[in-house]
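Before we start, here is the structure in question, set down as structure tokens.
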Amino acid sequence: MAGSTFGKNFRVTTWGESHGPALGAVIDGCPAGLPLTSEDIQSYLDRRKPGTSSLTTSRSESDTVEILSGVYEGVTTGCPISLMIRNTSQHSKDYGNLRTTFRPGHADLCFEEKYGIRDHRGGGRSSGRETAARVAAGAIAAKALKTLGIEIHAVTASIGNVTVPAELLDNLDNASLKTAYSLHSVMPDKSLDDAATELITKCREEKDSVGGSIYCTVTGMPVGIGEPVFDKLDATLSHAIFSIGAVKAVEIGDGIAVSELNGSENNDRMRAADEGKVSFETNHAGGILGGMSSSAPIKIKAYFKPTPSIFRPQETVCKNENGKFESTELTIEGRHDPVIVPRAVVVVECMTAITVFDALLENMGSKMEHLKKIY
Amino acid sequence: MAGSTFGKNFRVTTWGESHGPALGAVIDGCPAGLPLTSEDIQSYLDRRKPGTSSLTTSRSESDTVEILSGVYEGVTTGCPISLMIRNTSQHSKDYGNLRTTFRPGHADLCFEEKYGIRDHRGGGRSSGRETAARVAAGAIAAKALKTLGIEIHAVTASIGNVTVPAELLDNLDNASLKTAYSLHSVMPDKSLDDAATELITKCREEKDSVGGSIYCTVTGMPVGIGEPVFDKLDATLSHAIFSIGAVKAVEIGDGIAVSELNGSENNDRMRAADEGKVSFETNHAGGILGGMSSSAPIKIKAYFKPTPSIFRPQETVCKNENGKFESTELTIEGRHDPVIVPRAVVVVECMTAITVFDALLENMGSKMEHLKKIY
Amino acid sequence: MAGSTFGKNFRVTTWGESHGPALGAVIDGCPAGLPLTSEDIQSYLDRRKPGTSSLTTSRSESDTVEILSGVYEGVTTGCPISLMIRNTSQHSKDYGNLRTTFRPGHADLCFEEKYGIRDHRGGGRSSGRETAARVAAGAIAAKALKTLGIEIHAVTASIGNVTVPAELLDNLDNASLKTAYSLHSVMPDKSLDDAATELITKCREEKDSVGGSIYCTVTGMPVGIGEPVFDKLDATLSHAIFSIGAVKAVEIGDGIAVSELNGSENNDRMRAADEGKVSFETNHAGGILGGMSSSAPIKIKAYFKPTPSIFRPQETVCKNENGKFESTELTIEGRHDPVIVPRAVVVVECMTAITVFDALLENMGSKMEHLKKIY
Amino acid sequence: MAGSTFGKNFRVTTWGESHGPALGAVIDGCPAGLPLTSEDIQSYLDRRKPGTSSLTTSRSESDTVEILSGVYEGVTTGCPISLMIRNTSQHSKDYGNLRTTFRPGHADLCFEEKYGIRDHRGGGRSSGRETAARVAAGAIAAKALKTLGIEIHAVTASIGNVTVPAELLDNLDNASLKTAYSLHSVMPDKSLDDAATELITKCREEKDSVGGSIYCTVTGMPVGIGEPVFDKLDATLSHAIFSIGAVKAVEIGDGIAVSELNGSENNDRMRAADEGKVSFETNHAGGILGGMSSSAPIKIKAYFKPTPSIFRPQETVCKNENGKFESTELTIEGRHDPVIVPRAVVVVECMTAITVFDALLENMGSKMEHLKKIY
């Protein structure tokens, strides 16, 4: 039942439907003493905002966040932080035919059967708009992490068959990130963005959609973050990423490729490095060993299915007036992105931030030595 | 800190180290009234047991389970079920050189840095032996699910480049499952098993190891199991699967492939079917829509890295007597599987069973109608 | 850190400070299919509202609740229900001297030392206003319980030494409840209310305050609700009640008195009753045996300390400009109830409702028989 | 369903029935680096052991604890600690008549109706023997707290009408504690012990039982431990204490008495003290303000009902062969303490230790300043 909270220590609860009056998040467990303004959050929300290009839905929401609690004179107080975003551009009448008809590839049928009732307007709770609340919460986690020297960055890794080469992803720097954030595709290269744009435009013309993938990396991690044996860092990260709609696969490090490798190829060699640290000569593991951070950069890849809302006629089912299923044909109307990926980049980044910050808080009690520093 | 419990309603807590006196699990929240004997559990444990073939570690453990509580006169009572397996074949002296040296690809370094102390013998808590406790718990979940008409089956999908064709995986039946469970590789085909055996033998000769993948399917699911928005069924399944050591990727349904598809290809058409049900003409989604079961078979693939313990000399680090890291070379001794996958098949099956049963319990409160059936 | 959520299944998260823009609650896990309007909630909020009499604070808040999500066409959808109440009557300037001075009997010092920062205006997060959010959430639980035949009622049991006789509490009926809810003291008897009013008036004149107690009863409970061994129903109820500010003692059934009784006096005799039920000839246990409901009415008593805000000069400490504590004298200004109890009655009722409904949801998985009714 | 785990960070899961093969606890989340031997635990278990006097049950259990995991070379490793105590002195045949008859004042009826099945032997899961597992876990929490300068002590405060004066409780020192632990009643005074012994002996002769109360105090607490607004320290302490069988009331500080006081009497004056601390001139609040520790000693009182097992004939119900309730008369046999209190003293102490240590771990993330000390 209660599945709208994520995290054990930095606990994020989201609420709201696509066409309700508002949506938001309550963050409980944010440590006190973090400087925080609504601008910190807004800059993340703006990266997710619809209506910024011809490639995305034409729904135009300002997505202005309001901080309702937990911040006093620009600093977090340790009390729950309540964030709210008013919905302003609902076109609910576009969805009239979806009250009794179930869109293929969507959650509609499952909501109907699970709850016996659903808000069908714009997907209701299962709308991508819910991720605005995640982004607002994640912006806070990201800011807290930054004060501890931990940075998280995500970019688009592929759209359809337009794929960013691994070398580019492995070597993201400020320049390539800046490029990515300035381009509609959020790919870290202009010519790839051109190819992706062409592909998406074709999809739109053909009333179709396309999938893609996102790459996310975390740098500056201390060693040992993540909790064996069930709350390993890769396990909670994949939980976080798979909780984003449309994700169908998650890889850590080299992911699927390692299943064809030998141990002698896949093991990352360790060497003693400066300042009492350990360096890894390769990073097949993607920064996680035994479910804990190894200090090497964490590497995550998330794969998204194509937007299920397409504008072609589709075979599906509806419920008739007797509550029985009937086969029917549906042509979806309204406003929908032909590809989810570019707007999901910041969502992946934010879910990663929430997960990593929660894990850092959890690790504080790992040894008596830590307690003695505080008490 | 506390990461050894999985599940919210059917709560499994595992404990134990590879070379301690015993390991076990406590299952809290198992409904009363389920017939249960130690044989029910033993049959699952036997599928995971080491020492059953030349392909696996020669450590020979009987893995005999003892039920210490929660079962009365052969039926669960609703009280916590405590299961214990005594360790009997520890060769701790094999691990003497690992007290201060950290094995590449293993959790050693992370344990040391996180806790400041570790039981290095046989990997301690991070040993694959810990999964015996998961299998014992999962056997109970699987039995409970079976009484509700839900079945879970897993087989090996690949070892190195020896891959079971998709058609075979999509059409697992009693005969092919029986074949799989009779073969060392746990592949559902004798000739593929021959090829895999050859590959593994070669690995062993070359003091190397190899990765692989596991396919798991769940049939008989009701619609709507899984909790939006964070505890979606795919999210909790991936959490469960990634919590198994050595997993580096998880796919649901067509997984990564969907990222290159168009929506018109990927959407599964729905049709009204007999008995008031809905049928899906394809199953790209792998039985999960919007994070809830759709009633189509659930399809999961887990990808495992090669066993990090290989018998070649490897570059790594140790801690010297001053507690500083030094670069060194290590040659691992002891008993290790050259491939983890065949023994992990039942672990994937059991973690899936635990996750699905937990989700079924969670869903009981989804609507007032359900409460009125009970109160 | 994260302490603003209560409940495992019906999960209530409250947020908001006394002098922030708003306060509210998110309820995750409310079953779908419950008819719900803002009037249902408002009627509970109105019972807690300040400014309704000369006996309470003169802060005048309309406490109008807005339902922001989780309800569609007047029925709960199973999605999180977000409730918001705007603050409209903050007089923050009244609290200027409390920025660095810590009020005796209040949470001020603890907040300062725990978080290093606090919103001192009106008590910030520790203000009694936070309970408005609990009442809003509890109104939903109470409505759900009522549809299952379970009713919860609370009244004032004492104010200072003005005490409602046990017989009156044991025999609350619609008439006496109606009386209670019409009187400022919320006592179920007009002459006792007169005595209490006199006492409170005297307190106010003497710039002092007084304590009291609240009685709450739950009828219509099925047998067996509550989870041994740690989440017994009395344990979770006392957790819920003690989480209300100013509570210093909780009794179940005869409470403290039983510690002087013999077993032969205290054991409640059971007899076979109509309709396959069991009746109890007495109810010393207060409806809970072994931590589970017995079907007899549940009886809870909560004892509240006098309002710590009094208008006499008090010895206390402040922090000087170097961050050091100094002894000082404080005279509190602003608006404060001379007794908390009458306004806390509905809070006790609502926390009880939340706890009981959560326990009913938890109990759904108690036996396989229940699962078979649903799946 | 799953109610056998207590704590969020220092998580204690108990398992086992009175007449099963064993009982135990798994402690997940104990920080690494705490020296721990089985003797540390045994010394607490010995304080709870049955059979040590004519005043207690004659069941003679050695209650020898075995540490099965989580401790390596005498130090905790951060991995789950599994503790087991074998049952050795079960006389299950004593309980034959209780298979279908429900003892007044016991959990029998509720277990039967909740689960549809129960292990009736010796009370099964609801037996006081379950508390041995709590004591074993609590001994670890108490040892960890001691290394941080926090001490917890409990004594008997009353048995029937034999009551330890408040001055004696308020001034417990090593001498009076030593006295208490040497006496059967666990009262800190020999003459009171004599009076209590006389009372208990009379109860036994009259085939009756008697109630009593326990006082527990925590010293050395830092300021600010406990989590507003629902997991206040008094709320979690009362949850912990009420989860012990037979508890019917809990008081913090002056408890019930404050409900008759004025604010001017009840507020504890604060003064600036040495070393940058604050001192309290009185301690009516019992060391907790706003649900957080104030640094003054924490004072808890728990009230226990008389042992429900008495040897007189009692009116009750049984289930006949058709599963219907029938009125009947029952005379209980077996071994039962005429008063629970003396053996429960260490249980109260241990549940307090678990709660306080869990709260200390939770508080580690209260401010960014704490994180910067560790990361």
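A, B, C and D are the chain letters, set down in written order, and residue numbers restart from 1 in every chain.
Keep in mind that, in the parts below, a residue touches a chain if its C-beta (ideal position, glycine included) is under 8 Å from a C-beta of that chain, and two chains touch if they have at least 3 such contacts.
Predicted model only: the values in this text are computed from it and were never measured.
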Shared interface partners, meaning chains that touch subunit C and subunit D: A, B
Most remote chain, CA-based centroid, reference being subunit D: A
B-C against B-D, pair bridged by the larger set of C-beta contacts: B-D
Gap in Å, rounded to a whole number, between the CA centres of subunit C and subunit B: 45
Intercentroid distance (Cα basis), subunit B paired with subunit A, Å: 26
Euclidean distance of C-alpha centroids - subunit B vs subunit D, Å: 38
Touching two or more other chains - residue numbers and ranges from subunit D: 1-5, 8-9, 14, 29, 31-33, 78-79, 114-116, 125, 222, 228, 361, 365-367, 369
Chain contact topology (line, ring, star, complete or other): complete
Subunit A residues touching subunit D - in the complex, by the definition given at the top: 8-9, 29, 31-34, 78-79, 144, 147-149, 222, 228, 360-361, 364-375
Complex contacts: residues of subunit A adjacent to subunit B: 1-6, 14, 102, 104-111, 113-116, 125-126, 130, 158, 160-161, 203, 206, 208-213, 222-232, 234-240, 242-243, 245, 247-256, 258-273, 276-278, 281, 284-286, 289-294, 303-310, 312, 314-317, 324-327, 362-363, 365-367, 369
Subunit B to subunit D touching residues, read off their complex: 1-5, 7-11, 13-17, 20-24, 26, 28-33, 66, 68-70, 72, 75-82, 84, 114-119, 124-125, 361
